[in-house]
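We call the chains A, B, C, D and E, going by the order they appear; numbering starts again at 1 in every chain.
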Amino acid sequence: MSQAAQTLGETQDRDGAEMLRISDLHAFYGESHILHGVDIDVRRGELVTLLGRNGAGRSTTLKAIMNMVGRRTGSIVINGNETLAMKPHRIPRLGVGYCPEERGIFASLDVEENLLLPPTVRSGGMDLDEIYTMFPNLYERRRSQGTRLSGGEQQMLAMARILRTGARLLLLDEITEGLAPVIVQALGEVLIKLKERGMTIVLVEQNFRFAAPLADRHFVMEHGRIIEEISAAELPARREHLNTLLGV
Amino acid sequence: MTMIFGVPLAVFMGQLMLGLINGAFYALLSLGLAVIFGLLKIINFAHGAQYMLGAFAAMLALEYLGINYWAALLLVPLVVGTFGAVLERLILRRIAHLDHLYGLLLTYGLALIFEGTLINIFGVSGSSYPTPEALQGGLNLGFMFLPTYRAWVLVAALVVCGGTWFIIERTRLGAYLRAGTENPALMQAFGVNVPQLITLTYGFGVALAAFAGVLAAPLYPVSPTMGSSLLIVVFAVVVIGGMGSILGAILTGLAMGLIEGLTKVYYPEAANTVIFLVMILVLLLRPSGLFGKEA
Amino acid sequence: MTQEFILETRGLTKEFRGFTAVDDVNLRVREGHIHALIGPNGAGKTTVFNLLTKFLPPTRGEILYRGKPITNMRANEIARLGLVRSFQISAVFAHMTAMENVRVALQRRLGTSFHFWKSEKSLEHLNERAIELLDEVGLKEYADVLTVEMPYGRKRALEVATTLALDPTVMLLDEPTQGMGAEDVDRIVELIRRVAKGRTVLMVEHNLSVVSRLCDRITVLARGSVLAEGDYQSVSRDPRVREAYMGSDADTQEEASA
Amino acid sequence: MATTHSLTPAMQRQRSARMRRNMLYLVLLGLALLAPLAIYPVFLMKVLCFALFACAFNLLLGFAGLLSFGHAAFLATGGYFTGIMLSSYPGLTPEAGILIGTLAAVVLGTFFGVLSIRRQGIYFAMVTLALAQMVYFFFIQAPFTGGEDGLHGVPRGELFGLISLSDNLPMYYFVLTIFVIGFAIIQRTVHSPFGQVLKAIRENEPRAVSLGYNVDAYKLVAFVISAGLAGLAGSTKTVVFQLASLTDAHWHMSGEVILMTLLGGVGTLFGPVVGAGLVVSLQTQLAQSPIGNWVSVILGAIFVICVLSFRSGIVGEIQKMVRKNFK
Amino acid sequence: QMSDDAVRIGYLADMSGTYRDLAGPGGLEALKMAVEDIGGEVNGVPIEVFSADDRNSADVGANTVRGWVDQENVDLVAGMVASSVSIAVSKVLEEAGSLAIISGSAASSITNEHCTPNHLHWVYDTYPLANGTAKAVVDQGGDTWFMLTADYAFGHALEADVSEVVEANGGEIVGGVRHPFPTSDFSSYILQAQGSGADIVGLANAGSDTVNAIKTASQFGLTQTGQQLAGLLIFLNDVHAMGLEATQGLLLTTGWYWDMDEASREWSERYFERVGRMPTMVQAGVYSSTMHYLNAVEAAGTDESQAVRAQMAETPVEDFFARNGRIREDGRMVHDMYLAEVKSPEESTGEWDLYEIKSTIPAEEAYRPLAESQCKLVQN
């Protein structure tokens, strides 16, 4: 904790442009120790990816930021606020939007209710029309029960849902998983738009091809640690190395 | 005069009316169960006991604090509901993450405690709560003499049921409830204070039971055991309706009241069992219940 | 002569509260083929699977297995016929070891599964076979690990192993590689190729490289009805398919995952 | 290679565990045989009857994941049928009477099962509760049950027409035998091919279906076995106490058996026995103590405590400790 | 000579359930009063009191008593309300040999088909309740009856008794309904009763059923519309619980009433001191029976059950509780019974001023004549 307090102290005098700063983060599911000291820092307006093989701990990292895992130690500073001690429902109010790996669509709500569900945490989110133009399927099925959507449709809904809340920091977990290429393309464009709006995005991706052109920096995870940080600039040079890391 | 299956129309109508009134109680109670079940996913076995607590609270309030019926009708649900909220905060919450069967067992334990304690303090023969002046006497409906109070019970219950339905199915708070029932963790990740939501919901469900209790106080002897046997019937009602929908709970409640009422005329011996028989029938024909969503 | 088609649907239709998820689909799966079912999200692929395996009752239409109608069978009877499915979201027995997972599948053939008076020792002779199967999907070292503790990718592999244990004539795989790391994908692809010998496979798949590498025949679904059918080349050239599904950068997609 | 496969470490562990368990059982059986010298046999018999009842219930809850809130119905059915048979046909030997009672419970169990098995979790609990309540009302009104008064003076008779059971000792050893048989049946059922499938179903039903298992049938069989053994317990109880009464049919009884199982340890083979022992002794002690009228409150409190902080029950906790220290 | 170093009395009753207020802890207190009044010992050996809650369960009761006799060698079991418990206990004692005095139960079968040499039935049973009330009511001119019967053995028996008496005295049963047991909402049945147009609505049920029926009747203005209720099995604590508003004018038969004469008042005051409620006839009966037993032990100089029983049977029962009381060979203690009417709120002068005694039913008429007895101890 003392160490956490200290990092908090640091953040003030560092440049305010820092949006997210994770240092020495450990996370546990009950007995099992999943994250072993993760360090990540993300500047405002940046898009970074978390790459890694299955089970590397990427989803867990995002969950840990949202305080959705069992136990956490270390420090997570969002916008200058140490959040390790915060209740889960306070963290989003710092302007964080989270799109879970398993989508989490609500069966008892229809599509539109799903969209309107997350309370807006900041002004400047998209409105319903924008969202519907971006995802026409959702408009067609807006009155049908959330989980009656297909896997892909659900993924879109989960994504669209947090665009409304006006969050400034988006944590996106495998948003292209199970989506058809056309949709994937569309999502890519969406992300670019969001960057233009000055949002900060942490992207967990399996589909490196999709992530590469968008990201400013890539963090590579292995066994619950960051083993590599690669900036967009160095990417071409280190592509081979990266492939070996990801086992592609 | 006109006869229906050998029963004078007047009597027949009268019985229907009485059935409807009992149905109103079933509706109120199964509604409360449904609301609690919604968010906490547990069957509140203490519901009968909390209904009983409502009646007792009203009686004690009158005896020791001189609080009259009308005030009790508002205060008691508030107090008992708050008590429920506290229970949730202190006890139920600790098992929220477990299989919901544990919730059933825990509340069963609570029910035993409440009942047993009151039995030791007040005995079981129960005492009576006077009918409020305003509602004494009766209305002559032509086909029957209906005590004013029972008429009032019907109205009050229906109004409360309707209100509850509206809140849950038609308001944003309702949407939170429904979403919270499914994936609380994610709701929190959206910035909704789910634990608070849960506490309030349970409190509300308990308040409904207590309200029913106050309504019942002038009708039946106020005794510690008044809730438990009633509850099992309400369970059957819930199974028949299926936990699927709020509206389902209400309608089924009323319908079962009617059916029971008619049984009391045509085959009284089966009055206690008819609802269970209906349940069996429904289970055979439509296992998920008349309004049930889940398969 | 329907015999060459091991699995066939006629006018198969599924409606959910007025919304038609599967619309008059005539699917014909040739014996011994690896047949892919692709299509945009919401095309109805999973629903078709649910209909074929009777997890959902069809609104209209017929399902034939080796020319015989199986439309009115129960889900477990379908499985006993040899049509075994996997699920889009992994389905395993979480609190049993990997080996027990497979063994539960193996034990059905013994016909002793209702014998509550027999000792479970009578199952131990299945262990060898179980571990062979685990080995095939590269899970040997997980044999004694409780399934909850395995990473996602491994669970998917285990699911395939369990399916194999039934030695099915037709395997229906719903997105077997979904959410897997590249080398897992390759392993599964190899696995499917291997086990497909002497079997028929019908699979839903988004990963086009997988489809192109594996499948003899492809049916493209869109909005619940068949858009095109043929081998990979012909289908991928079909302009409607490109437009409706693959999008312009289909080829880059291939490389990416290749 | 193959041979080492067929005996994985996990299974070696299982084997040795099985060894230890059997040893334990032998010791306990020895104690049970000597017990009546030290303890009042009638009390012991009561414990055994309820222990069997709880074990039967636990087979369903602990190993099929189904919480029945209506098991009192089977206890009572067994009891009443045995009672009626033995008192109206003096020629009938006790074991025959018990057999008939058990069969009656099996029949009722099949009926309950067919109705309730298709519902899961809490619904299953409510359905069974409601059905049992109906049976209760039936027993009140039925002419042959003696209504509220119950059946009295059921003769204990001669076992196989040879050994008189009127003395408590022979009666005790008869009851002990029945218990051991019942317990053996359960123990075997759990560790059988059937038990494996049951577990799989509990873990992931759709998957079990897709593997070709008719899950409802399996659940039903489990339910019927459980009901039958509950009936066996009830029948034996009737012979021991020579009476059958509504108490056994009342839903509080369904609650008590849950408590016994919970307290002893759900899903542990021996837990219910311990639980039954504790609850029964508790009731006997309390009933005669000054706080006798607080019985139900105390039972309720135990319930709450168990659920809150003692979920794996006494035996469960012990097993945990053992595992911690020997691994 | 005494069997061992003490006379042991076990008090078995429903301490927490439906009948708690009828006997329950109050009865135990009454029993202790008796023991104290006799000086805590007889024939130089101390008197020990045990007590247990039978939770209205036959097998709990039977077990407790079996344990008492086998392990504590208890000499007398007193109390007992639920007839299932009483019968079960008497069967146990018939084997084990000790004595029981049943004060709380209503079933007349206890000293009829279920009679044993090992138990006595003290306070009342259904026979006088049915006869007394029915006869009196018909005599008062209520000769058309509608029967509200609990639909199980007990209710049927009561209904039969009443119908017999009513018709014997020139009355007529014009209708009836058998309601399930237990029932909480009687409105429907009351409505049917009103429809029947009978003068008298007879309640052939007990406990909470009776209470509910009476309460509902008053809500539906049954008495206003000229009908009258006849409660067959209703006790002081029920009336007290329901309040006079609902119960006024109700006719009932009782074995004793605390305010019926000086002796009774005097004892009841003492009881009230200790318990805070006025005694029911059952609680008074527990005192009376225990006292009679202890005196018999003293007189007989032994606690051997049959000797004591014989001694008790020889001595007539005359105390604040019983008038013209004697114990018949079937074990029935017959004594004068009383027809009471519940006072109206106006007439009542205090919380416990509930009954007005209308008339006395002589002991010999009150109970089922031995001529009709099926008891194995009675030679017919």
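The definition used in the following text is that a residue touches a chain if its C-beta (ideal position, glycine included) is under 8 Å from a C-beta of that chain, and two chains touch if they have at least 3 such contacts.
Chain identities (UniProt): A, C = ABC transporter ATP-binding protein; B, D = Branched-chain amino acid ABC transporter permease.
In this text, all values refer to a predicted model and were calculated from it rather than measured experimentally.
The minimum number of touch steps separating chain A from chain E is 2.
Looking at chain D and chain E, the chains in contact with each of them are B.
Shared contact partners of chain C and chain D are absent; no chain touches both. Distance from chain D peaks, on a Cα-centroid basis, for A. Averaging Cα coordinates per chain places chain A and chain D 52 Å apart. Distance from the chain C centre to the chain E centre is 75 Å, each centre being the mean of its Cα atoms.
Centre-to-centre, using mean CA coordinates, chain A is 31 Å away from chain C.
Per-chain Cα centroids separate chain A from chain B by 45 Å.
Residues of chain D in contact with two or more other chains: 137, 141, 293-296.
Shared interface positions of chain A, i.e. residues touching 2 or more other chains, are not present.
Every pair of chains meeting the touch criterion is listed here: A-B, A-C, B-D, B-E, C-D, D-E. Note for the complex: chain A touches chain C at residues 32, 53-55, 101, 137, 141, 144, 148-153, 155-156, 174, 177-185, 206-209, 246-248.
Those residues of chain D that touch chain E in the shared complex are 40, 42-43, 46, 137, 140-141, 143, 146-150, 152-153, 237, 241-243, 245-248, 283-284, 286-288, 292-296.
On the side of chain C, the complex with chain D involves touching residues 53, 55, 74-77, 79-80, 84-87, 91-97, 99-100, 103-105, 107-108, 110, 112-120, 122-125, 127-128, 131, 143-144, 162, 166. Touching chain E in their complex are the following residues of chain B: 8, 11, 14-15, 18-19, 21-22, 116, 119-120, 123-128, 130-131, 138, 144-145, 147, 149-150, 219-221, 223, 225-226, 229-230, 261, 264-265, 268-273. Across the complex, chain C meets chain A through its residues 16-17, 19, 39-44, 46, 88, 149, 151-153, 175, 178-184, 206, 208, 245-250, 252-253, 255-257.
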